[in-house]
Each structure stands twice: as C-alpha cells, then as structure tokens.
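Scrolling down, you'll hit the structures one after another.
Each of the next two complexes has chain A plus one other chain: chain B in the first, chain C in the second.
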Partner chain A sequence: MTPRAKRSILYWLLMSPLMIAILFPFGVMFVTAFRPREELWVYPPTWSFSEFRWLNFVEMWDKVNFGQALINSLYVSITSTLLALLIGIPAAYALSRFRFKGKGLYRQFLLVTQMMSPIVLVLGLFRLMVYFGLVNSPNSLVFTYAAFNLAFTIWMLQSYFSTIPRELEEAAKIDGASSFISLTKIFLPLAVPAMAVTAIFTFINSWNEFVLALTMLRSQESYTLTVMVFAQVAGRYQVEWHHVMAATLLATVPVAILFSWLQRYMVRGMAIGAVK
Partner chain B sequence: MATVEIVDIKKSFGAIEVLHGVNIDIKDEEFVVLVGPSGCGKSTLLRMIAGLEDISGGEIRIGGKVVNEVQPMHRDIAMVFQSYALYPHMTVFENMAFSLKLRKLPEDEIRAQVNRAAEVLNLNEYLERSPKQLSGGQRQRVAMGRALVRDPRVFLFDEPLSNLDAKLRVQMRTEIKALQQNLKTTTVYVTHDQIEAMTMADRIVVMHDGIIEQTGSPLELYDFPVNLFVADFIGSPSMNFIKGTLSRTEESASVICDDASVLPLKSSVGGSDGQKVVYGIRPEHLNYGQGDYSLDATVDVVEPTGSEIEVFGKLAGHDFCAVYRERHALKRGDSIKLNINPENVHLFDADSGVRL
Partner chain C sequence: MSVFKSVPFWMILPSFLLTFFIIGYPILDLSYTSLQEVSRFGLLRGFNGIQNYVEVLNDPLFVASAWRTLIWTVSVVVGTILISLPVALMLNEDFAGRGLARIIIMLPWSISLTMTAVVWRWGLNGRAGLLNATLMDVGLIDQPIEWLATATLAFTVEILVGILVSIPFTSTIFLGGLSSLPQDAYEAARVDGATRWEQFRYITLPLMKPFMNIAVVLNVIYVFNSLPIIWVMTEGGPANGTDILVTYLYKLAFRFGQIGKASAISLAMFFILFIFTLLYVWLVMRNENDGDDEDVGVEENEVVQ
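Let's look at the complex of A and B:
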C-alpha cells in the first residue's frame, strides 16, 4: 500500500465518527420511509426491510395533504427570498458604494439584529401580524422571513459588492452608460454569484424555519412542510412513523437539490465573504 | 478634437484640500502629461476632467463649454484606467462595442468600427476571447481599443502602463505616442514616471502637493527647471545638489561649500553675496578630467549600463552622480578630477528653492 493510500484510510477513519453522527438520522429516515407499517417496531431494530414500499409516499401524500404544504413552503420560501434580495441588493449597493452619515452605525445595527433569536420576538411578531390581519396567512411568514434574513443578505452582498472594482462602473459611465445601465449591464451580472449564494441561504433558512410558522399558521390549509410534519407527530394517539418519515424525506429533497446545484457558487461566495 | 481649459480648479475631500487652484490650458490636438509623485493630485485632476469627481471650485471647459455639471456620459471623452477596467463578463469584441451599442449604432457599423480599432491595435485574433484569457499587454490594448472606437474629443490616460513589465512599457509608450500623432486627439496622460512624461509629452505639467510646479515642453523643463522640486524630479539619474554660500563681486561669482571648495558660476547669475544657495549640476555635465574649473572627487561605486557608465562618489563633501558615454577605467577609491562648465549650472535659493 502506498503511503498516500494509507494516509487516506487514516483520514477516513478519523472522520468516520462525525460522518456516522451526521448520516445516522438520514439513515433512519430513509429506512423508515420505505418500510411496510408492520416492520416499524421490530425488535431488535434492523436496517433491512422486506419490501421497498413506494406506496407509503402515495398514502402519505393524500393523508397529510402534502401537496398543499409543499406549495405553501415553496411560495413562502421563494417570495421571502425574492423580497430579501429586492431590498437587500440596493441596501448593500449603497453600503459598498456611497459615503453617508451613519453608515457604520447602520452596519452595526444589522449585526445586532442577528443576535436576537426569533423566539424572543415571537409574541411581538404575532401581535403585529394580528394587527395587520395576516395571522394564518403564509404572507405573514413571507414578511418575517424576509426581515430576519435581510441582515445576513445585506452583509453578505455588501462584502462581495466591495470586491467588484468601482472602476468598472466608472468605465461604463464614460462609455456613455447611465447609472441604471451601468448597474444592470455591468454591475449586477458580475454580482450573480453573490446573489445566488445569498438566495440559497435565505431559501434554506425559510424552508427549514419552524417556530414562526407554528405560531402564525393556524389551519391545515396554510401549513408549511415543517409544521405539517410536526402535526403528524404532536398530540396524536398513534403516530404513523412511516408516513412522517416519507414526508420528511420529501421535504428535504428540494433543499438537497438546490445545495448540490449551487454549491460551487456558494464556496466561491463564502470564500469572498470570509476574506473581507 | 477639442481644447480643455482648467481654470482655478480646487478639490477638497472633507476638510482636506488636495488641489489648490490649478490652471492648465490644453490646446486642440495636444498631448499633455501630468506628472508628479503619488498623492500630488494628478489622478484626481484627471478624474475631474472625466467627470468622476465633483469639482469643489473653479471651472473645467471642454471645447469651450463649461462641463462642471455635465455627466461623464455626455462629455464625449474616453478614459484608459490603470487597472484597465475591462468588463470581465464580456468578450473583447463586446468590451469594445459597448459604447457603440449604447449609442444605438447599427450592428454592421459597430462591427466595422470595432474591427478597424482592432486592426490598429493588432487585436483581431482575440476579439472572441474574454479579458481573463489575455496577457497584461493585450488587456492594455483592449482598454485602448475601447477608448479608440468611440473617436472621442479627448483621451484621458490614468497611469496606463504601470502594470506592465519594463520592456512592454517602453514598447507601448512608443505605440501610444504614435497613435496619438496619427489620430491627433487631444490627450491628457497621468503618470508618476518622469521618463514616460519626457518621452511622450508635447507639454509636461509637473504637479506637487496639489499645485503646479512648472508647465513646459520636456526640454524646457529639463534645461530650465524653475525650482528645486522640478530640477530634482525631472531627469534620471537626477540632478546633483550641493549646498553652499553665494560669493559674488562685480565681475565674477562662485559658490563656497561648507568644506571650502569653490564651485564655478557664470557672472550673470542672479542672487546676492552671502545668500544661502543650492548648486545644481546634471550628471552628464560633470566632465571627466582637468579643465578650466577643476574639482577633486573620489569614486565610491561604478555602474556600467552598457551604453554608458554611472559613477557615484563624493564631491565637495556631497554625494554626486556622473554619467559618461566613454568607458573610463574607474574603480572604488580612485581620486579623479571633474570640471564644470558654468553655463550648465542651475542655481537655486536654499530657502525657497526658486531658481536664481
């Protein structure tokens, strides 16, 4: 065995406890989701199953109204991401390009908002949504998710924007471009990687958020995936674990796809954010 | 083609004034170089001409029209940046065509103009490449090409050659000058390299700490620097300076150094007896050997460059540098005689630095 191969084996051995810890819940989720109901409580527990039961998914889909929850989750995550970008991009641009009074203070303020857990604010936010008449509407989540992700969005975009040379926009202006054209034709195309990374983060944060969703959403029709899965477990006499796990598995799929598709942007974008 | 008039231009960043009232009259078709050490305000002035910096006071006129409030896009100027500022997400062709597209020129006309500029700059083969696939010299050419296609009224260059290696820099220097002579477009060129300034300019503006020290043709500046700063800045290796006291009678004048050496002067020179002065002499004017006015010197270092030798040593208690085209066999520790033609001497007041 070459020294290189030996070293690889050693590294994998060192990493394996961590890998097992990370993969174990996924393993349980996967196995349970595909098992027939009768095999859920076998003792001692095994990893094997007698039948690869796709029917679990079909049954679950109808029973828990999965389609509606999926649509709700997609709607909330996508619109809140778009809203955060829509507000975050101009704010980050201003922070990286213009000089104005109170700029340092504003950046600090953004940081401070990140220190508070949403749970601390949950009551206040609920009262606010009652006031706006948005309780039980997915839009209440759109606004709160966008707001909670805004600080991160601005911070992230701003550190990337600052790496785009100002001279490019100046060159465009001298070439005869208006501010709007130089922004849309020169600046924003160059900022796509940063926007992609920020969008993924915001999307995933919104997709996985639970506490606010549980607070704001009252009826089954407006549940997002996280609340819907929770509802299959909490306060039930009998929990259909194979359905719960099938739902959980399906709920993680979009995030996994998004991650693998955009991770090259993410590595690049994070590195830039880290250096600054 | 246009004149550029800079009238009493001031620029402040907050409380700090970086340009203290600058006046330059740039004639049509002229090649003017702004030169000075970093921080002298030359780039700021250029960016003000371009419209990228606000004007704190004074007026800039292009083609006789005041442009203080005119946006860069409406000034009809082209600028080449030190970093080239090529659009990284566009091909070379798109980079050069960008300004023409914004003017909504027809497609075939854009193609024709870009091709013509590419022809001039030898960029034809690279039109479909992206900037990051090009070498430094090629990027520099694209930056020039982008300026060229527009046929602007004024070219502005902001240290365009400082990111190139020495050999390429010399080559591009010649190319830019040849190009300007062909196109006859009024050009303002900023550099900190006095050799670039000397070789390229019709007229040089020497700047220092936000003011103009001297304006003139390259040889005027070289032969008649108006003060110590210009004398020191222009010329490489730079002028030798020796401190002393002016001693003059009716018919003769000389400078007495601290070590009592007597340096020759022509009698017509200004200044009064007993005045503290700085005696300036260019390295090529320290003639080797005995002459009418000979001085003793010792040699410390000899640096042959091939075409000439540079000799460093001590003269009248001061460091000196002399340049010879002849290959004198000199070595460290040699005692030599240097003679000076008083006609070649520059004399400055020690306090104000002004030429006497």
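Let's look at the complex of A and C:
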C-alpha cells in the first residue's frame, strides 16, 4: 500500500467518530420527517419505518404556517444584508484605499462591535424597539442584524478590496476618467465576487439568528423560521415531531448546501480578514 | 473643519452611526435601568442605587448559574480546541476524499444552533429518541436513557453538543493558520533529520500559537454568550439545573419581569465580555504588526537546530 492510501484509511478512521456525531442529527431529521405519524413513538425505538410519507411536508406547511415564516425569514435576511452592504461597501473602500487619522481606531471599534453579542444587549434593544414601536415588526430585526453584521461585512470586504490593485484605478484616472467613473467602471466590477461572498455569509447569519428574533417577534404572523420551529417545540405538551423535523429539513438543507459550497471562501476570508 | 471635507470620513460615518447607536444605546439604557427600581411592567420607579446588584449577588440561582457558566465555557472551549487541532492537521494534509471530509466537518456551522438543538432534543428523547435506538441496536444499553431528565446528564450532553458545533469554526481558524506556515522551515528540519513529532512539537505548535490564542479568545466569547443550545434543549431546567448566565438573564427579563436585576446581570456580563474583547483586539492588532516584518519563523527555526 502506498503511504497516501495508508494515511487516507488512518485519517478517515480517526475522524469517523466525530463524523458520525455530526451526521447523526441529519439522520434524525430525514428519518423523522418522512416517517408516518403513528410510527413516531414505537417501542423499542428504531431507525426503520414503513414508508416515505411525503404528505408530512404538505400537512406541516399549512399547520405551522411555513410559507409565512419563509417569507419573513427571506425579507429580514435579504433586507438586512442589503443594508449592511450599502453601508459597509463605502466604509470598506475607505479603509482599503485611504490613509487617514483614526483608521486604526476605527478598525478596533469594529472588532469590538463584532464581539458584542445580542444576548447581552437584548433587554436594552427590546426597550429601544418598544420606544420606536417596532416590536413585532420584522424591521426591528433588519436594523439590528445589519448593525451586528457590519463589522464582519467591512472586515471581509476590506480584505478583498485590498487585493484589487490600486494601479488599475490610477491608470484610469491618468487616462482622464473621473474618480466616480474609475470607481464604478473599474473598481466595482472587480469587487463583485467579493461582495457576493460577503453578502451570502451575512445572509446566512441573519437567516440563522435566534435570540433577537425570539425577543422581538411576538405573534405567529411575524415569526421567522428559527422562531417558528422553536415555537412548535417549546412549552408544548404534545409535539408533532414529524412536522417539526420536516420544517427543520426544509429550512436548513438549502442553506447547508449553499454554505458547503462557499466554505472555502470562508477559510480564505478568515486567514486574511479576521486573523491576519 | 477639515474633517468634514475628508472623503473617508463621510464614507465611514453611516457604518459608525448605525453600529454605535444599535450597540451604544442599549448599554446606556441598561446602565441607567440597573440603578432604578423597576416594576414588573418595566416602569421605572426611581433611583435605588446598587440595590439591584446586591439582590443579584445574594440570589443563589445567580451564583449557581455563574458557576455553571464557568464550567460550560471552560469545558466547551477546551474540548473544542483539543479536537479541532488534530482535525485541522489531518485536513491540511493530502488524503483520499479530503474535500468530502472537509464538507462533513464543516456541516454543523451552516445550520442555525436553534435548529441543531431542536433536532438533538428529539434525537435524545427518553423514549423514542434515535440515540437510544442506536445504542440499543449495537447492544450498549438494554433500556432507553432519559438524557435530558436529570440536570447533570442534560448539562453534560449540552456541553458535548456545544463542542460539536464549535469545531467547524475553530478548525477553520487552524486551517487558515496552517496554510500560512513557512514550508522552508519544514524542509530545513527534515534535512536535519527531525522526526514528524519533532517537526510538530518545535515548528507547527510554536508557529500556531497566535492562531491558538485567537481561537481560544473567540470561542470563550461565543460560548459564554451562547443561548440557543441550552434554551432549546432544556430551557435551563430541570429545576434551573442547567441554567447558565444567559439563560437565567433571559428568564429574569422576559419571563419573570425582573427588569432591574436583569439589567444588572446584562451589564456585568457586558463588562466581562468587554475584557475578553479587548484581549481579542489586542491579539489581532499584535498579529497584524508581526505580519509587517516578514521573519516570524526565525526564532523557531533556531530552536530546531
């Protein structure tokens, strides 16, 4: 056996317990989501079940108001991402292209805000939203998500912007283009991939957020997906687990696929953005 | 004023205003509220000094939650680092199916903690949970175990889930670090006849130290603040036996209506968090300064020789 083959077997063996633990919840989700209701509580518990009950998804969709929660999640995640980008792009551009007083200080400020977790501030934020009359409105989440994601957005964008050679813009200016033209025609097109990657990570962060959504959203019509799924489980005497798992499956798998596909950018962003 | 004519100033201003307001205002509000007597419905009834803080410190549930937070944070962070480092070392080398392995290891990161915790709550169900099914199938247990019914067992399980979901992020930091290590140091070490263990002990480990520091500090911050796992799996129960500071704080604020006490705890947590954040900022800035002079690995090379 070649050394590589030996190493491959050894590594897979060493990592297999961890991988089983990681894949276990996915197995639970699939097996329960498709299982007929009457087979949920069989004793002794077992993985196998008699048929794929696709109807579970149809029933679940109506019963838990999945469509509305999906729309709310999409609205909150997309709008907060756009707001973060709109505000973050100029800031990131300034940090990567200009030398100015207080630049180091501002980057430190961003790092500090990135570490501030919503849970520590949640009571104050709730009182703030009461004051503005935004409790129960998805817009309360749009502003808070955008604010909590800004630091990440700016750091990530800035690290990518710095890799775009400044000479390109300078050359355009020498050829007589205005600052605005060189920005919109030269810089922005080159920066689109970076913006897309950053946007998707911000989107996923907002999509997955729990504490603020749980606090601000008070009625079923305004629930996002995470709160909706939680509400099916918390404080209920009887939980319809096959519906809960069907909802979880629909809410998570698309995002998981997107994330897996983009994960290599994260390694890169982490190496140059957050750590270096 | 020249600053108002400065282009970068105007480009940065909106981002500064939004973050400063959304993060700054709650801190001011919490500081003020924590010094007030507050009614159940959130009405301020006047200044009462440090009364809220005194009440918090004399609350046995607070003290128990604080201890449990310490156990929770230390166990999850240590467990995560101990597993993530070897995982990252393996993922950094070439082997068959590495791409797939990497995707599997990173999977928990892509899913919201809430959803993960909901699935685990069902998977650990004391009667029909599939963990019980699995353990009974392979013959490890004869009867289903009530994983979440007793505080000690439930808390242990929650720590393990906490470790599981922290591994992807931590491994990613380590992978970023490993990819930046200078390859010539390893070549020099091999020429000098260093074993793989010696290469790891005297090159990899010392050069990975900055990344290790960052991973520890970031994980401490995230784990210390993490609500969803415990909130979804046990809601701090049974009998407050799995409450950590964040879950206790949330109960005080949004279930028991003890706004004054909750503000005091929030503010105390904010200061703890702030200290760790300053530590993080200091580490990041120090790394950036090190990056300016290129010879990070020089001292370590000498150790090997």
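Please note the rule applied: the second predicted complex is superposed on the first by the 252 of 276 C-alpha atoms of A that agree within 3 Å, B and C clash if a C-alpha of one lies under 4 Å from a C-alpha of the other, contacts with A are read in each partner's own complex, and residues count from 1 in each chain.
Note that contacts are C-beta pairs under 8 Å (C-beta built on N, C-alpha and C of every residue); 3 or more make two chains touch, one makes a residue touch a chain.
Nothing here was measured: the structure is a model prediction, and the numbers come from that model.
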Practice task
After aligning the two structures on chain A, examine chain B and chain C and state clash or fit.
Solution key: fit
Exercise for the section: For A:Ile181, select first, second, both or neither according to whether it touches chain B, chain C, the two together, or no partner. Expected result: first
Practice task
Considering only touches as defined above, state whether A:Tyr237 meets chain B (first), chain C (second), both or neither.
Solution key: neither
Handout entry: Greater chain A contact set [chain C / chain B]
Key = C
Handout entry: Which superposed partner A:Ala172 touches (first chain B, second chain C, both, neither)
Key = first
Handout entry: Touching partner for A:Pro189 - first (chain B), second (chain C), both, neither
Key = first
Problem - First (chain B), second (chain C), both or neither touched by A:Ala94 - result: second
Handout entry: C-alpha centroid angle, chain C to chain B via chain A, nearest 10°
Key = 90
Handout entry: After fitting on chain A: smallest Cα gap, chain B-chain C, Å
Key = 15
Handout entry: In the complex with chain C, residue positions of chain A that touch it
Key = 4-5, 7-8, 11-12, 14-15, 18-19, 21-29, 31-32, 40-47, 87-88, 90-91, 93-95, 98, 100, 103-104, 106, 108-113, 115-117, 119-128, 130, 143-144, 146-148, 150-151, 154, 204, 207-211, 215, 226, 229-230, 233-234, 239, 241, 244-245, 248, 251-252, 255-256, 258-260, 263, 266-268, 270-271, 274-276
Exercise for the section: Using the touch rule from the top, collect the residues of chain C that touch chain A in their complex. Expected result: 6-9, 11-12, 14-16, 18-19, 21-23, 25-30, 33, 42, 83, 86-87, 90, 93-97, 101-116, 118-123, 127-134, 136-137, 144, 164, 167, 172-173, 175-177, 179-180, 210-211, 214, 221-222, 225, 227-228, 232, 235, 246, 249-250, 253-254, 259, 262-263, 266, 269-270, 273-274, 276-278, 280-281, 284-285, 287-288, 291
Problem - Interface residues, chain A side, partner chain B - complex - result: 165, 167-168, 170-178, 181, 185-186, 189-190
Practice task
Going by the contact rule at the top, pick out the chain B residues touching chain A in the complex.
Solution key: 50-52, 71-73, 75, 77-79, 81, 83, 85, 87-89, 98-99, 102-103, 146, 150
